[in-house]
Amino acid sequence: MRRILAAVVGAAMLAGTTLASAEVVKVGIIAEFSGPFAVWGTQFRQAIEAFQKVNGKTIDGHEVQFVYRDVGGADPAKSRALAEELILRERVKFIGGFALTPNALAVAEIITEAKIPTVIFNAATSIITRKSPYYVRTSMTVQQYIDPLPTWAATEGKMKSAYVLVSDYAPGHDAEEIFINNFEKAGGKIVGKARIPLNVTDFAPYIERAGGSGAEAVYIFMPAGAPSISIIREFAKRGLKDKGIKLLAGGEVQEVFLPAIGDDVVGTISSMHYTETNTYPENIALRKTLMEMFGANAVPDIGSVGAWDGTKLIYDAIKAHGPRITGDQFVAFAKGRKWDSPRGPIMIDAQERDIVQQVYLRRVEKRDGKLVNIDFFKSGMVRDPWKIANPNAK
Amino acid sequence: MLIFTILLDGIAYGMVLFIISVGLTVTMGLMRVVNLAHGAFAMLGGYLASVMIRHYGIPYVPAAFLAAIACGALGGVAELTIYRPLYRKGELAQVLLTFGLIFISIAAMTLIFGPRPIDESMPKWLEGLVDVGFRTYPTYRLFLIGVGAALALALWFIIERSLFGARLRAAVDDPGMARAVGINVNLLFTLTFVGGCALAGFGGAIGAGILPIDPFYALRYLVLFLVVVVIGGLGSFRGSLAAALAVGIIETAGKYLVPQLGSFLLWIIVFGLLLWRPNGLLPAKTAS
Amino acid sequence: MRALPSREEAPVLSIRGLCKNFGALAVTQSVSLDLHPGARLGLIGPNGAGKTTLVNLLTGMLTPDAGDIILNGEYIEKLKAEQRVKRGLVRTHQINTLLTEHTMRDNVAIAVAERLGYAWRTLRFGPQWRACQEEAHAQLAELGVAQAGDRRVSELPYGQQRLLEIAIALALKPKVLLLDEPGAGIPSTESHIIDEALEKLPAEIAILLIEHDMDLVFRFAKKITVLVQGAVLTTGVPAEIAKNPEVRAVYLGRSQQV
Amino acid sequence: MNQPITPASTPQLNLPASGLTALRPVDAWHLAPWIIALAFYFLVPPGFHTLGTNVLVMILFTLSLDLALGFAGIITLGHAAFFGVGAYAAGVMVSKLTPDPIMGLLLATALAGVLGALTGMLILHTQGVAMFMLTLAIASIFYEVANQWRSVTGGDDGLTVPRPAALLAYFGFEGFRFDFAGKTAYLYALSVLFVWFLIAWRIVKSPFGRSLDGIRQNPRRMRAIGTPVWWRLVAMYGISCAMAGSAGALQAHAIRLVGLKSLELELSGIVAVMLVLGGERRLYGAFLGAAFYVLVHDWAAAINPFYWMFVVGALLVAVVLFLDGGLMGLLDRIAALFGRKKSGEEQASGDAK
């Protein structure tokens, strides 16, 4: 016990002295590296490493060091403790990461007090960036990337009625709200909806009900991974696909998940702010670097681009303000900034510090034996609809 | 018609639970080992079958059987090396060690196969729909019901009608007495454990369409398997069948009829049942 | 705590018409017994005669279907096992039922603490626990095993574990003591230690001795009750019982075949 | 075996002095954990105090499990339920009722204790697997309540707890404010742990604690000496749950965020791991086990967050198979190796058993 403590204390002191003498900019990454959401952590890390490979590990001779911390799942208490640790023990200048909203929300108070800018690579609940002036988001919000889908479905898609199935958690509720609002506004009819508890594994009953409702389309919103794979398989196995009912989705049908779902998924329509098959030069660079570094199976997803752009924003800010950049300088730098992302042109909203970007509608197809998403519609620049509808909510 | 759909869905779900849990009920009843890591064998079966189908082109059903054999073999090794020293230890030690095995299995599967769920590997002939009179119904689920029923029948025959089964039942009732009348209990333990793990592997492989395989499988469904075993009564073959079907049907019915209750319903029922009958619905031992 | 002289005449424990059925099987059929202070009653009967059931009914492990158990004028058949113990009805076990991780003395001391109701007092337990230890030591000394007081029960020889069963029971200061086969499992070469222990039992305690070892019963008991198929066959002094042809027929004869 | 049994062989009874007032110099090691804990406060650079607080909270939680599981033998896989109740109760107290941390701590402790005793009344007449499934069921029901009762608990977003008032503000003393580096929280947690440790110490040494140790070994025997087994178990379970609630409340005050994780099966499992790792029924085992686990996790997760589960899993298997008595058992063996006969530790362990 004593020895362990001595080692811990010693190591800390060592770290303290090196910090004082070298110009190293540390960026703490809080993400899910273990647990059911471990995919996110891996994708973040690979994207950051890919970015560093392309752009170098130093900026004007100053090293940028990433310090990874595993939050292990939806664990706000741990997320907060990790943020505190990164700020106090590692003396990071920036924090990044966060796949899940609760983990991102948990650090609001700490980063405000410590004035540490925090770049959100994925967590998609609208309210987050209002909780601290030091949040900047490079991913998306749920309502933002869903926004064009219901409108398109009811009009050009010619779907008159829809059934809405969402997971019973905050992002699911956001998704349900925007889908139903926009769909009805565009003249469509919602014939039924259900909220599915997060721990459900057998989706047959929900799909059965949706199939029996007479809806022409079923919209789903699930956490990516096992549940969304099961529900899409069930959709096909229950014959809804054969009946001609359209499946509308989002993050569930990112390219990384398609092989796991199988050919059942072909024809699924989804909206997303990033399509893996797009031909922007930044995307080609990202894909190429990932495959070079992590093998042929490395496929970028929304986590990858979120992390890539977040890292780029931090790099650019350090380039502009040097290694001693303050939190307020960073936020000022980020506000209103535009750049070309692998997903296309993006911008950070000058008021909300939230991302503004295009949204793409895609269809899953099989090309050269591979399941991929192919764009068929591109929206204009979309601001987060929730923030527009709730200008003063905190 | 809804009631028939609920029943079919519930039974298909219950059959998967049964195939995976029946091995656990026998080991918990016979060896008195609280084996939380049982689900890890089911998960392994799912992974192995998927690898065989996708990388070696082995057809679905033989792949499931081969996966079952591999899981059985591994179970045998585990019984001889890890579980045997556990029999003499208390429940707490058993809970913890097998909890540790779950952690190791999660880490190992993440390392080998990555954190994502594995790819779909269902054959074409299972994908369609079959007309069952009042509606069309997924072939896959009918297949699960059929396989489950066939396995239940085979197991019933082995346990109730064969010499091995007689010895097994005797040992579940009273291991000391079984030893005294000359049954090689150690061998019986190993064989049973192998059988239980093989069944779990098989269930994991063919049940992957309902319980998708990913590294967290063993932890995610652990409580579900335990509920089946404990509600059915430790060591009770009939009990585990009844409990698996009951859990399947109750969960399914809950989702159809009162979706807002979530898993409250199941837990409240489990809680009530265990208070009412701590030894399960159909306990194996007459004396409590 | 001691039985008052004025109650000498009244039985300290009486059993009236006790019945218990397991399904269709009547394992206890209208059994009636009286134990007076200082009684030394032996209870014998062939296997399956219902001796164990009777002990379980008396101690509260089973509830009777009919009949009364009266301890010191109080009907106790509805009371829980531990409440009967608190009122002075104490048993030993046929199979050692001991705290094997504790020392011999702690086993007794815990019983003393329980009798004195110290369990809920945690503020000044130090001296109290000392007192329990001292009393336990004295109790063990009385039975002549105090030198082993610091040894863990799991390390003790079997005979001493049997004595510990008795020591724990005595530490509870019983009015009625049910000795359930105290000699069980002890090799005949060592049976004298049980004899010696039984001789040292305080005279005023009423004792019901259930025993397979006929020699022990006939040496110790002043009266013997014979139980057959759940019912009392006869009661008498040892000499009568030994001569009783019915007893010989159903019991002694059969036991010799065993 | 054929020793003559005569009163002449009766030895004098030499009892060691009992109680805290009678500690001898060889017992000075009892001070070691507290000296280390205080030294930690003064020596480590800022940023480590929160880690230290986390260790202290987990020690307290593990200690609570040692009472229920270690001493009383109540096999529970749902102890996190009461940790979570304490944490949520303390959190809600600060945000809705009073910012005073002590009041929140007391209320959270009481609530967890009462809920523990009530559920204990239902489940403690069962045994073995049925009992631990029931504890699991209770924890799952608590979890579902917290998950669905978003208006109070915040659901999966967690409950953000405002900064509590200074520690002794109630008495007009403003010196102990909860600071950003968590130094006050550390001292606060240490004080609460110390108080609970004294209570636990008294409990296990008292006839009450000893009777529960007896119930764990042989409930039949305890019933036969007149112990109301069920009531004792309920009482001990209630105390243990209250203690777990205190640990939860401390965490709520220190980290100021309560998540659903604090009610999950995983936490119940981890606290059992800490207990067995340190050594059951040793009180100090909770200190070793929790400190070791939290520090190793902190270290392993920093080096490679991907596969820390390997470390935990292997550790568990190794402890169960090869390390009876956990780290405390290992210490005993090392002490025995150095020939320190009858060291204070061994004696303490003997007493505890």
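A, B, C and D are the chain letters, set down in written order, and residue numbers restart from 1 in every chain.
Note that contacts are C-beta pairs under 8 Å (C-beta built on N, C-alpha and C of every residue); 3 or more make two chains touch, one makes a residue touch a chain.
Fair warning: this is a prediction, and the values are worked out from it, not measured in the lab.
Taking the mean of each chain's C-alpha atoms, the chain whose centre lies closest to the overall C-alpha mean is D. Taking each chain's centre as the average of its CA atoms, subunit A and subunit D sit 39 Å apart. Averaged C-alpha coordinates give centres for subunit B and subunit C that are 48 Å from one another. Between subunit A and subunit C the centroid-to-centroid distance comes to 74 Å (mean Cα coordinates, whole Å).
Multi-chain contact residues, meaning those touching two or more other chains, occur in subunit D at positions 306-307, 309. Among the residues of subunit A, those touching two or more other chains are numbered 34, 38, 42. Pairwise chain contacts present here: A-B, A-D, B-D, C-D [touch as defined]. The touching residues of subunit D, when paired with subunit A in their complex, are 33, 36, 40, 43-48, 50-51, 54, 155-158, 160, 180-182, 251, 255-262, 287-288, 291-292, 295, 299, 301-302, 305-309. Partner subunit B is touched in their complex by these residues of subunit A: 34-36, 38-39, 42, 168, 194-197, 199-202, 204-206, 208-209, 225-226, 229-230, 233, 236-239, 242, 256-257, 259-264.
By the touch criterion stated above, subunit D contacts subunit C in their complex at residues 1-2, 5-7, 9-11, 13, 15, 18-19, 21, 202-203, 205-211, 213-214, 217-218, 220-229, 232, 353.
By the touch rule above, subunit D contacts subunit B in their complex via residues 69, 75, 77, 122-123, 126-134, 136-138, 140-141, 144, 147-148, 265-266, 269, 272-273, 276, 280, 306-307, 309-310, 312-317, 319-321. Touching subunit D in their complex are the following residues of subunit C: 59, 80-83, 85-86, 90-91, 93, 97-102, 106, 109-111, 113-115, 118-123, 125-130, 132-134, 137, 141, 143-147, 149, 157, 159, 168, 172, 189-190, 193, 196.
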